[in-house]
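Consider the two complexes below, in which chain A is the common component and chain B and chain C are the respective partners.
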Partner chain A sequence: MFFMLSKRTFIYLLTALGYFLFFAGNVEAARIGDISEMSIGEQTARFFSFQDPAVRYAVIGSILLGITCGLLGSFIVVRKMALVGDTLSHAVLPGVALGFMWNMTKNPIAIFIGATIAGLIGTAVVNLIKQTTRLKEDTALGMVLAGFFAVGICMITMIQQLPTGNVSGIDKFLFGQAAAIGKDDLILMATVTVLTLLIVGIFYKEFLVSSFDAGFARVAGFPVQVLHYTLMLLLAFAVVISLQAVGVVLVSAMLITPAAAAYLLTDRMHKMIWLAAGFGMLAGLVGAFFSFLGPSLPTGPFMVLGASAVFATAFFFGPKHGVTTRWWQQRSRAKRMNRENTLKSIYHVLEDRAFKGESVSLEELKIRRAESFEEAHQRARELAAHDLATFDAKKSQIYLTPDGWQRACEIVRNHRLWELYLTNAVQFAADHVHEDAEKIEHVLGDEVVREIEKRLNYATKDPHGRDIPGLRDVEKGKRMDGAPAETIGYGRRT
Partner chain B sequence: MSELIPPFHWHTFLFSPWNDPLIATSNFWIVLMGFMVATACGLVGNYLIVRRMALVGDAISHSVLPGIAIAFLVSQTRGSTAMFIGALIAGIVTTIIIEVIHKKTRVKQDAAIGIAFTSLFAIGVILISLFAAQIDLDQECVLYGEIGYIGPEALAGEHTRIFGIPLGPITVARMILVTIATCVLIALFYKELLVSSFDPGLASSLGINATMVHYGLMSWLSVVVVSSFESVGAILVIGMLILPGATAALLTARFPRILLLTVLNAALSSLGGVHLATWLNCSPAGAMVVMASLLFSAAWIFSPHDGLIRRWYYMRGAGTSEPSEATVELTSK
Partner chain C sequence: MISTARQPTSALGQAGATEAPPLEIHDLTVSYHKKPVLWGIDLVVPAGKLVGIVGPNGAGKSTLIKAVMGLLPLNSGWVKIYGKSFQKNLKRVGYVPQRESVDWDFPVNVMDVVLMGRYGHLGLIKRPSKRDREIARECLDKVKMLPYSDRQISNLSGGQQQRVFLARALAQESDVYFMDEPFSGVDAATESAIITLLHELRAKGKTILVVHHDLPTARNYFDMLLLLNMRVVAFGPTEEVFTYELLQKTYGGRLTILSEVAEAVRQKV
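And then the complex of A and B:
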């Protein structure tokens, strides 16, 4: 299904890519930061007009790397390999330095090859340490990260000592400058993006299965090792094309953060991939834009903050897993249970006087619930606000509305049915069932209630000898509507 | 390429850092500083390794940056008190963010670490580049801050004296104090740290508050990181947090011996690093981590416990050997 979906999207993507590249044209990229004597407004206008080739390069590059990183990031997040990305991005540094040494200039191809090889060696060493020693994965990752990065730092400082060492621009690899993206870089980025889309699109099923259940994938005959190393290779590619714009230190964020944000929003892998690629694109755009506003602002940190902002939004307001959303749900659930408990107490008051009269005074409610008068009043107002009860003119009596009466009957029925079920079917002692029923009464659904009624042979008395309200009692509440107070009592059996 | 690596002679490698009295003095302070950083980091790092939190150390050494930057902006000085407080707060904030993301959502701990430290580090870098004029720190110095500058500083003769003993430039003196404090704290809370690291269940049954130990360790980690950070950069800190402890763990399984080996490793790495840096003419901080990596590789290959050679020897033995007489006897019956 993913592939069917991606085929069409693919064509759009490729068309868009060609369009962008065509418009990017042959003009050599000027440093965006060079022109700084402008107001923020003018800069913004200049950015969004896409007149400037440098802007076009930076924007297209950032979007491409956002897509690639988000896509691959989804896999490393669900595989719990998030920090492999971090290690990989640090381990490429000696390769970048070697690429520089090739002919002492910033040659994208040489750097790409060197960095990819260094990154792959780094991940291989991590695996080797894990397999042959007692050290755990996190330690192995940390060691390779620090060791390789230190070698890279030593090599860069050695190059800088050389009289012939023309290393302008190598420092940009540490924190990233999207403005430094040239045409060659862009072609490389586009190639890697298309390659990643192709491989993930074609082998989507294989990657999916081996990410979630490696054992099953092996039994099903998938080449799990090959898939793992393919993913590592693509990951190394993604890290290397992102170095220029995001920098060594923060590349891992572009892999982890958009994917983690997507992970909070959906349970379907293909949706997660699209979302993560979208978030990555957004973050890339944000980074390119903000670093464009000031003369010496690095791109990487702004991209990372853009991604973090997306993650924070998903963290707080995600419809399913968002912290605020869940807090709100818990709060409304607690309030609902509170209302239901009030209704139950009112039912008990009415039941205690054999359903003579309809109104319940706040005083009675207060005594029944053993609370203060203010609390009883608060409970009554809460019911009134949800149309479950109405006040009389003096605000000292409350009447249940048909809805309120129905809900009260249901809650008491749930409670007593459950008590009866526990004593009859599960052999609980009659004095042990109340606490359990207090909790379950709020969550029993209609189907479960029907099933319990059936199993209990439509019993009418609970273990304590009181009536279990049934459908007829609910109906009575409806007939009551508008009738004078004394005529019919709720719940009186005919 | 060939012009990059100078020829290697044992004699020059061993003696050139100490030939000239001026260079020797400067190198002495560099080695001392490296040793102090490596000891403090390595000792704290041992607990991180055991707790499988090696990468939390990596995270904290990045995320103290905004704390330092904000402390600079607020206090307008390089005063160490403000910096310590800023870094401490940043370190604890990182720990809390990681815990909250990990506990409140289904995002796993590794991804939570990645999100927390990159966000904070990004804020730090942006602050530094926005207020470059006010903050006396630059981006590169953050990564491989120069331990090499300590030599000239020491030669300039501004020594901090405690009880009349010259302890070198202020950064070195501070690091010496932090290292001594680290040793004292580990000695004082040895049991608590050990038990809560290896067996949290036993720790809580002994009445040790594991949460307190966790946050205490993280706070002290931030202190160690920030006192090393400014002068030696993040990379030496990350390397020294993990490498000496991991090397020691390959050589012995007893925790007290691991701690001792860590200190020995710290000394060898810093001394060897300076020799390496003199030979190759490169960053001493980087060279020290390279030296520590080399020591790890040596332990990995030659360790009598589970070194590669020993493993290979036994695996070959097991694979090709004839079945023993006892086995033959058993199977033939």
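And then the complex of A and C:
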């Protein structure tokens, strides 16, 4: 359902792009390099006004290739074919050179055909090596990648030394120049993007099942091989339309990086596809913008940097798998446990004097925890910061709030229940259970606690003979407001 | 080695008199790198039986299942599902591959996987309908995995993953099921859940072939056993083929397993 909706949205988007394209076509393209004496501010304004058809071409082209690469890249990543994408993108170079030699100009159609054929031959060679020798796929991919690329470089160098023809622009295929995108290029890019969207949209179910479990897909009657080669062909198309803007060397990053970032952020394939397409688009825009700022800056590296930045963000701050997110969660968990330990110690102090008096002094806490005065002070401030206690710095007294008292009761209760459970139900010796309870007291949920209570027949004494605080104790703490002075009045400042 | 493949017993012959047997294999040979893994297999499986396929490592148990389903090229022989070629009877076949055969980090949730069981009935292009989702939910419920339907599949235990695969096969609503080691690496609860499910399927007249690794339990779980070691050593009702002599023939000189066999046979006596 999500997929269908999004597809419709995308079709609107493409229609809008089409109009954009139409109007852009009425103006004669000026080369971006023509104007280079402007300030960065002026350049930025010029970029975002989209007045300049060259800018329009570059931006639309970058967006289109971002979408296509992100979309197909998702399948490449989940099918573990990243190296295949890399090899394919390098293997197209001889085809680009051949396409160029067709009539010694930069004819998008000739280059497209040449590059696609070269890419497919490269893939075929990989398969041939894999099937006829004992060599494994990674070796075959590595060899084909380098071999084809070397042939391509030789051919391009040769072409550049030829006296005839307009050879300007062929070197742009190595690192990409979005500004070199022409109207014909754009039409080709739009065609491939629409084709990719349609095929992936229509056969989403088939691509999904054959990517996840090819054997099962075949038994269910799906043409797994045909689907695989369709994907490879689309992949070749995507690489070829991206060459002009991203360049042969880095195009595989546009396939892999946005999809990898999306993979870190979601657990569903359809969401991953759209996220990857969005990230690809973003990276494309970033690349087009930065290469526009300087007269001869290559686009490819900036696009890949943009994509890598997106990936880095997902890597560090992703809500589920982000490294920083996890670190932050661990840190807050550790801090919470620390606070709970403080509460527990305060409870113990109060318990030792039969709950006489309202507050606990820093001195008492310090002795109880066998820590320094500074550490005790820090603990008191921690509790105060989380509204678990109020801290009177002058008198060095800590007063628990109702929340603090409740949590203290819960923690002590969890600890003692668990000790009792281990000694009674699991037959641990009474002197073996404390360490374990120290850890588990912080993580026992309500349901588990209730279950343990039931199994222990609602016992009230722990294995060491101390009372297990119950609900009534929690309530007692809350009702203390206005109680006689010798009882504990939590949450009140004296 | 002597092949003692048996014909369907008379009782079954009556039940399926009008229809060809769920699985018929004739002279099947499959090889990897010119070494035969299965050699001249002949087999006729009667309908409504729970069949265990046992044999030592490398005996070709999984290969047999994969070859039957056309996932491997055959060197010779043919396979028929209800009298027709596999390709013509796809919808009557359910498949549970080995759990290790897929990447469990794949970005799909439990429901997505079970819905894949409906794909075969949908054919190309068509998307799962509400009815398909309903069926998938029922199948998840049967393996007690309904509460997990939104969970990403890597956040499941091995046993739960196996049950998801089973639910997917149930969603295929087939007549004959091929299961590749559904009991491997699962917890006791899952194992008993699976065996209950298999018995339910059999009660509905389904035919189930299960590759099984554990010899002692094989005797209790299955109606019929196929003892396999490159060739069919024996195929018949469990009580007839689960003998020391035939098991020894199947497992050859593998001493550790032999003692296991001896133990299993002794329990039987």
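By definition in this document, the second predicted complex is superposed on the first by the 436 of 494 C-alpha atoms of A that agree within 3 Å, B and C clash if a C-alpha of one lies under 4 Å from a C-alpha of the other, contacts with A are read in each partner's own complex, and residues count from 1 in each chain.
As a convention for this text, contacts are C-beta pairs under 8 Å (C-beta built on N, C-alpha and C of every residue); 3 or more make two chains touch, one makes a residue touch a chain.
Worth saying up front: this structure is predicted, and the values here are computed from it rather than measured.
Judged by the touch definition given at the top, the superposed model places A:L456 against neither chain B nor chain C. In the superposed pair of complexes, A:F175 makes contact with chain B only, with no contact to chain C. Legend: residue contacts after superposition of the two complexes on their common chain; A:G142 is shown touching chain B, with no touch to chain C.
Once the two complexes are laid over each other on the shared chain, residue contacts for A:I129 go to chain B alone; chain C is not touched. Touch counts on chain A: comparing chain C and chain B, the chain ahead is B.
Judged by the touch definition given at the top, the superposed model places A:A220 against chain C, while chain B stays out of reach.
Of the two partner chains placed around the shared chain by superposition, chain B and chain C are both touched by A:Y263. Looking at the shared chain after the overlay, A:V151 reaches chain B, while chain C stays out of its contact range. Residues 80, 263 of chain A are contacted both by chain B in one complex and by chain C in the other. The touching residues of chain A, counted against chain C in their complex, run 78, 80, 202-203, 205-206, 208-209, 211-213, 215-222, 263, 266-269, 271-272.
Chain C meets chain A in the complex at residues 66, 69-71, 87, 90-91, 93, 95, 97, 101-103, 106-109, 112-113, 116, 119-120, 122-128, 152, 168, 172. Of all residues in chain B, those touching chain A in their complex are 1, 3-4, 49, 52-55, 57-58, 62, 101, 104-108, 110-111, 113-115, 118-119, 121-123, 125-126, 129-130, 132, 139-140, 143-144, 235-236, 238-239, 241-243, 246, 249-250, 277, 280-283, 285-290, 292-293, 296, 300, 306, 308, 311.
Chain A makes touch with chain B in their complex at residues 77, 80-83, 85-86, 101, 129, 132-136, 138-139, 141-143, 145-147, 149-151, 153-155, 157-159, 161-162, 164, 171, 174-175, 249-250, 252-253, 255-257, 259-260, 263-264, 294, 296-298, 300-302, 304-305, 308, 311, 315, 321, 323.
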